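Each of the next two complexes has subunit A plus one more chain, namely subunit B in the first and subunit C in the second.
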Partner chain A sequence: MFDKILSFGKSENIVIKNIKSHINLLCSASNCFKDALNKLEPEKASCVIELERDADTIRRDIISTIHEGAFLPYVRPNLCRFVEMVDETFDTLEDAALLFRQIDKSIFKTIEHECLKIASINAEMCELLQIAFETLHGKGNIKEKNLAIRLCEKQVDDIKFELIDKLIRIDVKNFWEGKIVSDFVESITRISDLIEDASDYLYIIEISLK
Partner chain B sequence: MFEIAIIASLCIAFGIGSNDASNAFGVCIGAGLLKIKKAFILFGILVLLGIFLQGSKVMKTVGKNLVDVNTSILTISLCVASFLIVFSNWRKLPLSTHQVIIGSLIGAGFANDVYINTTEIIKIVISWIVSPIAAIGFSFLIFKALEKTISKLPTFFIERFLRTALLISAGLISYNTGANELATVLGPLMHSGIEIDKTLIFLSASIMVFLGAYLLSHRVIETVGKGITVLDPYSGFAAQLGAGGCVLLFTILGMPVSTTYSIIGGIIGVGLNKGIKTVKLNLILKIGINFIVSPSLAFIISYLFLKLTHP
Partner chain C sequence: MGTKVREIMNTKIETIKMDATVYDAIERLVDKRLRSLVVLPRDENDVYGIVTVRDIVFKVIKNNLDIHKIKIEEIASKPVITVDKDTEVGHLISMMEKFNIARVFVLEGKDVIGVVSLLDIMAGALIERARRT
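For the complex of A and B:
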């Protein structure tokens, strides 16, 4: 009769464990993507695609466990939105990895420095997101992590403007070459926005229960 | 005549179930902690425990100390009270069971020229005024205490704590429903001097409370929690515990007080922590008017009815 209460949060623990794994995979994928950019080896970015598949399975588990009754209904919507946001970050990172395979290397060389900086900030933001999530069931101040993530996002925004300035001056041979570069830049700069949104949901969860 | 009084009491018990199960388990059901049927079974069991373990003091106040109850007073007052309670449930009017019963008893007592203990009336009216105010204070302080203690803990710990806490506060409200609310209904019956099987009447009344909850309570479930200020589980717990603690205190003192008004007080107390603007003052004014109307209406109808039937 009271299995949900007497289980002492068994399903909640499963969700928390899975969310940690989900964010962990995102961190691994971000680092892997950063390495691929660093070494200019597009094949290495395929690890992102494999990790995204694993992450997708975990996301489905998380959402179904939450819908089976884990956590108070009051917390569920924002927790689900957080998970969906991490998943969208994964999808965007996967797009970036796929586009990196197609990008013209000489064009990439001209924007390499900025792209590396962005990839590095993205990887850092993933780790910050992981720490922010840890604060929900451990010690620490989520507000500080949230602020740090916002600062990182601001840095990416600044680099994005520099990138656009450079991109305008690049001569492209055809439509597809231009589109691939443009989409690639769009994808790597969007990741920070999504991580920031995910972190905002964590903050909302925190303040809604305090 | 006496059988009619028993039927009327059971009708009121049914009305209590339909109204007060939502007071107790509305938040828990809303929070998905318990399925509605399980919540009602638990509610019924706790009501039975309440009337058995702690109902005697309130029963004595209402049935023995207040008015010298005889069969006519008993039958008329309980019939009028049951009619008013069923009518208010049907029309969704927030009439308090306590106030209706006490008003009816005094009205019938006046009409029948029996001894009415004015000191007891004053004590009861003071309890009615003090109980929601005390609930405001209790809930305000509980919320503040939670803010200073629990809210410093990690979010997921708070979530886990709230799941258990909400169930405890709901249990307390259910227990009070038996120990105070149902005791008010059964008090006149138990102290009327007529031989009655205590266990059988307690059990029957508790079953009626359960049936009322099971068959009708979903109609009222949203009204209390959402009508005055929007409640999160954190505030819901503070409001319920404040109200539950307050009603339990008055039960120990033997005073019949309204759980509904105490919960409303609890919700206001929590709302005050978030600022006066969160409290809908218009609704409180309406409740204030009902506070006067309920016992007065019951008094007048009972008085007239007894005068007409026993000239």
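For the complex of A and C:
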């Protein structure tokens, strides 16, 4: 879609390349987090924190290049919002990774199955977001990718209800133990909402370019 | 290689005993926001069954029967149609069309580990399509 509407200058190409790298890093971080959960090795989730730092640098580059004049003015706000949304997804994934290091192992065991499923769907959604962005940049139907992302989000929502059902039955020793598990669940279930929002921005960008 | 049933199945399954009442089933279906329950075998020689919202509406409520008196064994369908977790989705669709059923339970060995509904197949197909095209 970008190709159809705009003749690309150097700065536009830099932004597109950086956005692709940004989403690519999110995919790597999601897969890394999923592996850490799968292997029940909290220390392995530190890769998310490292990748988030790299992603922050890329985000700053993208935003400044856009504000230096890349793209037509009416495209810039939604493109910036899309990038911010991917960044917020990264921040939430980082929160989940940090909380995973603190969570009580026996409590995690009781919700492990649901958390693994959510982490797996989140990773799949990152991949779909990457494909959706490629679609916006090249050819294809972004509406279909958007629908697939919404379907995945609904799956996470369903699991969230099961998780809440389990969580209210868990006995916690103190305030912090309860807060950590609650925040952890909140973080991993919020990621899909944010990816869905980011995908909606892509769709808005596509419409605005028509 | 086609998609396998285990890749799209929903592991959210709830069970109920043969001797439970229809009221117990309704309570569980409403609480868990489900449309069917797996009916547990009575013993090792018995097989799994299924009780659905349709069974309750058409066999109990329509006939003004007492939901506290009717037992699950009176309205459940047995045996339940199952597939192995490694069955290909294409084969599953043919099977569901042939038997005119909306959901099939998934087995690992002798245990029911999941359920696949027509909606799961549709969602799975759309996600797969979005990844490919």
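Basically, the second predicted complex is superposed on the first by the 202 of 210 C-alpha atoms of A that agree within 3 Å, B and C clash if a C-alpha of one lies under 4 Å from a C-alpha of the other, contacts with A are read in each partner's own complex, and residues count from 1 in each chain.
Just so we're on the same page, a residue touches a chain if its C-beta (ideal position, glycine included) is under 8 Å from a C-beta of that chain, and two chains touch if they have at least 3 such contacts.
Keep in mind the model is a prediction, meaning the values are calculated, not measured.
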With subunit A superposed, do subunit B and subunit C clash or fit? fit
Just subunit B (first), just subunit C (second), both, or neither: which does A:Lys210 touch? first
After lining up the shared chain so the two structures overlap, which partner does A:Pro73 touch, if you call subunit B first and subunit C second: first, second, both or neither? first
So, does A:Ile16 touch the first partner subunit B, the second partner subunit C, both, or neither? first
Which holds for A:Leu40: it touches subunit B only (first), subunit C only (second), both, or neither? neither
Look at A:Ile131 in the shared chain and tell me whether it touches subunit B only, subunit C only, both, or neither; answer first, second, both or neither. second
Between subunit B (first) and subunit C (second), which, if any, makes contact with A:His113: first, second, both or neither? second
Contact-wise, after the overlay, does A:Ile164 reach subunit B, subunit C, both or neither (first, second, both, neither)? neither
Mind working out whether A:Lys145 is in touch with subunit B, subunit C, both or neither, as first, second, both or neither? second
Pick out the closest CA atoms of subunit B and subunit C after fitting on chain A and give their distance in Å. 14
Once the two structures are fitted together, what part of subunit A is touched by subunit B and by subunit C alike? none
Across the complex, what residues on subunit A touch subunit C? 113, 117, 124, 127-128, 131-132, 140-141, 144-145, 147-149, 151-152, 154-155, 158-159, 161-162
In the complex, the residues of subunit C that touch subunit A are 10-12, 33, 123, 126-127, 129-131, 133
Under the definition above, what is the set of subunit A residues touching subunit B in their complex? 1-2, 4-5, 8-9, 12, 16, 69, 71-75, 135-139, 142, 205-206, 208-210
Which residues, counting only subunit B, touch subunit A once they are in their complex? 30-34, 38, 147, 151, 154-160, 162-164, 167, 232-234
